[in-house]
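Okay, got some structures for you below.
Paired with chain B in one complex and with chain C in the other, chain A is shared by the two complexes that follow.
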Partner chain A sequence: MKVLKKEKFPQIWQAINQAYELYLPIEKDDRVNFAQWTEGETVNLEALKTEISPKDVIFPQSETYLKFESDGKKLQLESVESENREYVLFGVRSCDAVSFNLIDNVFLREPIDRLYEKRRNKGTIVSLACSEPEENCFCSSFQIKPEEASPGVDVAAWDLGDKILWKPVTEKGQVLTQKFAQLMEDASQQDQEELIKLQNAIKEKVKELPLASVDPKVIKGELKEIFESKVWDELSQSCLGCGACTYICPTCHCYDIQDFAGGNCGERFRCWDSCMFSEFTLMAHGNPRTTQKQRFRQRFMHKLVYYPNNHGSYACVGCGRCIEKCPVNMNIVKVIKRLGGEG
Partner chain B sequence: MEKIANKVRETARLALANGEVNKILGWKKGDFWYDSYPAFITEEEGTASLIWDSFCVANLSKYLIEQLKEDIKVGVFLKGCDARAFNQLLKDNRVDRDKVVIYGLPCPGMIDPEKVKKAGLAKGLLDVQKSEDEVVFITKEGEQKFSAREFAYDKCLTCQYPNPVVYDELLAEEVERNNTTEYFYQDVEEIEKMSPDERFAYWVEQFSKCIRCNACRNVCPACSCEKCIFDNSKANVAGKAKVDSEEQFFHIVRAYHVAGRCVDCGECSRVCPVGIPLAKLNRKIIKDITEFYGEHNAGVNPSLDAPLETFKLEDIDPFETRAKGGK
Partner chain C sequence: MSCSCHGHVDPLVPKIAVIEHIRKDTPDVTTFRVVNPAGGKSFTSLPGQCAMISVPPIGEAMFSITSSPTEENFLELSIKKCGIVTEYLHGLEVGSEIGIRGPYGNNFPVNDELKGKDLLFIAGGIGLAPLRSVINYIMDKRDDYGKVDIVYGARTPDDLVHKEDIFNNWPNRLATNVFLTVDRECEGWDGHVGFVPQYIKELGLDTNKVVLICGPPIMIKFVLQGLEEIGFKKEQIYTTFELRMKCGVGKCGRCNIGDKYVCKDGPVFRLDEIQRLPDEY
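And then the complex of A and B:
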C-alpha cells in the first residue's frame, strides 16, 4: 500500500498524462463530470458523484466502426480501429466501478463486442472510496461497499485528508503504481489505522442514509406477473419519455447503429440509445412498443427482472443519479417500492 | 402554503365526488424534501395525498395531451407559468378546453434544490418550509431561516406572470409581482455584449455538453408535435451521434421551432441534466420579437395573433433593418 500526497496531484496528473490518456472528474461551469485531463483543468475529487456517470469513458456515446464507399458497382468497407491510447480513469466511485462489471457482462460475453473489449482492455481504473455518501445514494441495497475496493478496479484509493491511500489490486494496477512510485511513499502503520477508521465511519454513514432500507428483493413473483402489474400504468403516467435517466445512468447500455450517409460514401457508427424514446424498438415491420407505459416498463424490467435473470445480479448500482435528474422525480426507488407493494 | 394545500385537497376531493371531473392532476410528496412529483388521481380517497409546496415545479399542463386521448374530463392544478403553457397548447390545438377544469394557483415562486445543495444546506435536510419571503430549512439539529429569493429558481426570479392567466377557479389570492423587466433580459444582454466570435464560441461550448437526452424538448409545452423530426428516422435529417454538428442542429431547430410560442416557463433550462442555459436563447428570441413586432407574451392571451404566425405588410424586414453580420 502506498500514499500519495495531494500536493503531488498536479505532478502525477502530468506524469500519467505523458504515458496514458487521463480521465478525471473535472469541474466546468459549476458542474463536475469525467473528462480527459489537460493542463489547466480544475480537477474536483471532492464532489461525490459526477452528474453523468463515467460510462462514456469505457463505452463512448458515439463511435464510428466502419467506413464505406461505393463507386457504383463495388462497395468498399473499411473497418475503423479506435485510435485511443491506454488510459487511466481516476476517481471512480464504488457504484460506478461496479457498473462497469455489469456492462462487461453484456459486451464481453460471446459474441464479444470487439470495440468495447479493446477499449476496456486499454483502461486502468482507479477507484476512490466515498468518504461522504449522499442522501440519494443506495448502493448498499445492491451489496456494494463504498468503503472497499470494488471488484474489478485496478487500484483502490481512499481520501485521508491531505493525502490518498493507494492500493494496487490487479497487475495493471501494479504496473501503474510502479511507473509513478517515485511520487508516492509507502503507507505507514498509522495510515493503515486511519484507513480502518475511515472505513468504519463510511459504513456507519451508509447505514444512516435515508434510502438504506430500499431492497430490490421486495419484487417477487413470476416475470409475467410483474410484467402485467397495474403499477406500470400508474407510474408511467408522469414519465416524459425523455432519455435523461438512461443517459446519465451508469448501467444503461443500449445502443443504436446508424449511418452518416453522404452520397457515395459514409460512416457507420453506434451511439447510445434510450428505451424511453418512442422509436427505440422501431423495426422494419413497425414498433412493438407503442406506448410510454411499455417503454417505461422496459427500463425497469430490464434492470430489476430481465438482467438479474440473465446475469444473476440487478442492473442498478444505486448511484442515485436518476433520483437527482429526472425532471418529474420519477425514479427506480419509487418503482422498487411500488412493485414491492408499498404506497 | 399549507392552508392552500388543504384547499387543493378539498377541491380535488369534491370535484371527483360530484363527478365534475374523472381525473385529477396534482402533486404528491415522495421520499425527499424536494421530491414533489406529478400525481394522477381517480379515486376520492387518493386526493388526501395531494400537496402544494415550494417544490411543485413540474408543469402538469402538457400531460393533458396524453390524458385527454381518453374521453374523460380532467381537473388540473396550474401555476402561473403552467397556465401560460396551457394556453399555448390550446392555441396549438393540442388540448380541448371543454374537457379541462383548471384550478389556478397563484405562485409564490419555487425553490431550486440545486441552489440549496450548492449552499451546502442539503445534507441532513428533512423539510423545507416557506412562508411569505422566508424559507425555513429543518434538520435534526434545528431550523435555519433564509430569504426565499436566495433559493428561488432563476426562472422564478424573473417570472412576469406568477398568477394563472387562465382558470376556472382560483384557489388563493393573487400574489404580487415584484420582478422588473430590466432584470428579465440581463442574461441576454450579457450575451449580446459579446463579439460574434465570442458568442459563437460560447454556444458551441454550451451545446457540446448536450447529451441529446431530449428532456428539454419533452418537457416543453411548445414542443408538442405528434412526431418530432428528431424521432422520425424516415425524415432522415437527424442522427443521434454525439458530435457538434448534430447537437447544434438540434438546438437551432429547437430554439426556432418554439420561437414566438415559448411561454418562458424556463422548464427546458431546469431539466437539462448538463446545465445548458437554454432559457437565454429563448429570451434572446423573445427580446428580438418584442423589438421587431412589439411585445408578445406567448400563452398570455391565446386569442391574439402570434407575430411569427401572421404576416402584415407593415412588418419590418429584420435582415434589412437589423443585420449585424458575424457568425
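And then the complex of A and C:
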C-alpha cells in the first residue's frame, strides 16, 4: 500500500497524462463530470457523484465504427479502429465501478463487442472510496461496499485528508503504481490504522442513510405477475418520457445505429438510446410499446427482473442519480417500494 | 479495404455481398439472391435464422434467410417494400453490392423435435419467407420427415410469394399438400377464399403433428386460438417474432419480450415458452 500526498496531485496528473489518457472528475460551470484532463482543468475529487456516470469513458455516447463509400453499385466498407491510447480513469465511486461489470455482462458475452472490449482493456480504473455517502445513495441495497475496492477496479484509493491511500489490486494496478512510485510513499502503520477507522466510519454512515433499508428482494413473484401489476399505471402516470434517467444511469446500455453521409462517403456510428422514447420499438406493422406506461415499465422491469433473470444480479447500483435528475421526481426507489407492496 | 477476416472484427461490421439475381414476387415483395464477391455463400445458417442487410448510407434492416441451408452457393432474402431501407433495396440491380452480417437468432429444430414428424406449416403474406427455408430443407431430406401440409394465405393472388414453389415444386413432392387461400374473391382465382385461421379449422387436420407458423401478428394470434380449439397443444407449435432490431446480437436492448431478446433467444419460440412472457409483441 502507498500514500499519495494531495500536494502531489498536479504532478501526478501531468505524469499520468504523459503515458496515458487521463479521465478525472472535472468541474466546469458548477457541474462535475468525468472528462479528459488537460492542464488547467479544475479537478474535483470531493464531489461525491458526477452528474452523469463515467460510463461514457468505457461506452462512448457516440462512436463511429464503420466507414463506407458507395456509388449505388459498388460498396466499400472499412471498420474504424478507435485511436485511443491506454487510459486511466481516476476517482470512480464504488457504485459506478460495479456498473462497469454489469455492462461487461452484456457487451463481453458472445458475440463479444470488440469495440467495447478493446476500450475496456485499455483502461486502468482507480476507485475512490466514498467518505461521505449522501442521502440519495443506496448502493448497500445491492451489496456494494463503498468503503472497499469494488470488484474489477485496478487500484483502490481512500481519502485521508491531505493524502490518499493507494492500493493496487490487479496487475494493471501494479504497473500503474510502479510507473509513478517516485511520487508516492509507502503507507505507514498509522496510515493503515487510519484506513480502518475511515472504513468503519463509512460503514456506520451507510447504515444510517435514509435509503439504507431499500431492498429489491421485496419484489417477488413470477415475471408475468410483476409485469401485470396494477402499480405501473400509477407509477408511470407522471413520466414525461424525457429519457434523462437512462442517459445518466450507469447501467443503461441501449444503443441506436445510424448512418451519416456526405456525398458517396459516410460513417456508421452507434449512440446511446433510450427505451423511454416512443420510437424505440416502432415497426411497420405497429409498436409493441405504444404508451409511456409500457416504456416506463420496460425500463424498470429490465433493471429489476429481466436483467437479473439473465445475469444473476440487479441492473441498478443504487447511485441515486435518477432520484436527483428526474423532472417529475419518479425513480427506482419508488418503483421498488411500490412493487414490494409499500403504499 | 473491405474486411474479410472476421475473427477480431466487431460483430456489427458487415461484409460485402453481391446481388446475383433478382426476382419480383409481388408488386411489393422481391427476392434477392446474394453471394460473396468471390462467389459462394456469405455464411452458413440454419432454417429460421436471419441476416442483417446494410445499404449505407440508408441503414440496416433484418431479414429472414428464405433459402434452405442445403442451398450451397447463395443466400436468398424475400424483401417487402415498407420503408427506407427496403425501398432502397428494391431499387438495386443485379451486380449491386450490399453489406451483410449474420446469421442471427435461433432456428426451427429441424434436427430435433421436427425429425420424423408430420409437419403443418401456416404462413401469411411475406411470412412464408422464413418457413420456406425450413420447407426446402425438409424437401431435400424428405425421408427424415413425415407428411407435410402447407397452408398459405395472402390478401390477393398477386400477393402470394414464391409462386414457383407453392404452385409447382411443393405440390408435386411426395406426401406434401399445399393449401392456398386469399382474403377476398378475385377474378381468375378459383382456389379457396377466406382468412387463414378460418381455413385451418375447415381443413379438419389431425392434431398429431408439429406446427410452424409465421405471418402478421394478428394472423398469428387468431391461428393460435384456432389451433388450440382444434386440440393442438402449446408444445406442438412453433412461431417466430418480429421486433424492431438494431444490433442483432442481444446488446442494443431493442428487441426484448420480457427477459428474452428476439434477435438472440428467438426469433423462433415454442408456444409454451411464450406463455411465461409478457404479452408485449
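We adopt the following convention: the second predicted complex is superposed on the first by the 337 of 343 C-alpha atoms of A that agree within 3 Å, B and C clash if a C-alpha of one lies under 4 Å from a C-alpha of the other, contacts with A are read in each partner's own complex, and residues count from 1 in each chain.
The definition used in the following text is that contacts are C-beta pairs under 8 Å (C-beta built on N, C-alpha and C of every residue); 3 or more make two chains touch, one makes a residue touch a chain.
All values derive from a computational prediction rather than experimental measurement.
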Kindly say whether there is room for both chain B and chain C on chain A in the superposition, answering fit or clash. fit
For the superposed three-chain arrangement, provide the angle chain B-chain A-chain C between C-alpha centres, rounded in steps of 10 degrees. 90
Output check: A:L282 vs chain B and chain C. Expected answer is one of first, second, both, neither. What do you get? both
Go through the superposed model and pick first if A:G241 touches only chain B, second if only chain C, both, or neither. first
Applying the touch criterion given at the start, work out whether A:F227 contacts chain B, chain C, both or neither, answering first, second, both or neither. second
Classify the contacts of A:Q258 with the two partner chains as first (chain B alone), second (chain C alone), both, or neither. both
Looking at A:L75 after the superposition, I want to know if it touches chain B, chain C, both of them or none. Which is it: first, second, both, neither? second
Go through the superposed model and pick first if A:A19 touches only chain B, second if only chain C, both, or neither. neither
Contacts of A:A181 with chain B and chain C, given as first, second, both or neither: neither
After superposition on the shared chain, which partner residues are touched by A:V218: those of chain B (first), chain C (second), both, or neither? neither
Touching A:D273, do we find chain B (first), chain C (second), both, or neither? both
For the superposed model, what is the least distance in angstrom between any CA atom of chain B and any CA atom of chain C? 8
Return the residues of chain A at which the contacts from chain B and from chain C coincide. 256, 258, 260, 273, 282
Residues on chain A engaged by chain C in the complex (per definition of touch): 65-66, 68, 70, 72-79, 106-107, 109, 111-115, 222-224, 227-228, 253-261, 266, 268, 270, 273, 275, 280-286, 288-289, 294, 298, 301-302, 305-307, 309-310
Which residues of chain A touch chain B in their complex? 29-31, 33, 51-52, 60-62, 134-136, 210-211, 234, 237-238, 240-244, 246-248, 256, 258, 260, 269, 271-274, 277-279, 282, 292, 323, 325, 327-330, 333-334
Show which residues of chain C lie in contact with chain A when the two form their complex. 1-3, 8-16, 54, 56-60, 82-83, 93, 95-99, 216-217, 242-244, 246-247, 249-259, 276-278, 280-281
What part of chain B is in contact with chain A in the complex they form? 30-32, 34-40, 58, 63, 66, 118, 122-123, 125, 211-215, 217-219, 227, 231-233, 239-243, 267, 270-271, 273-275
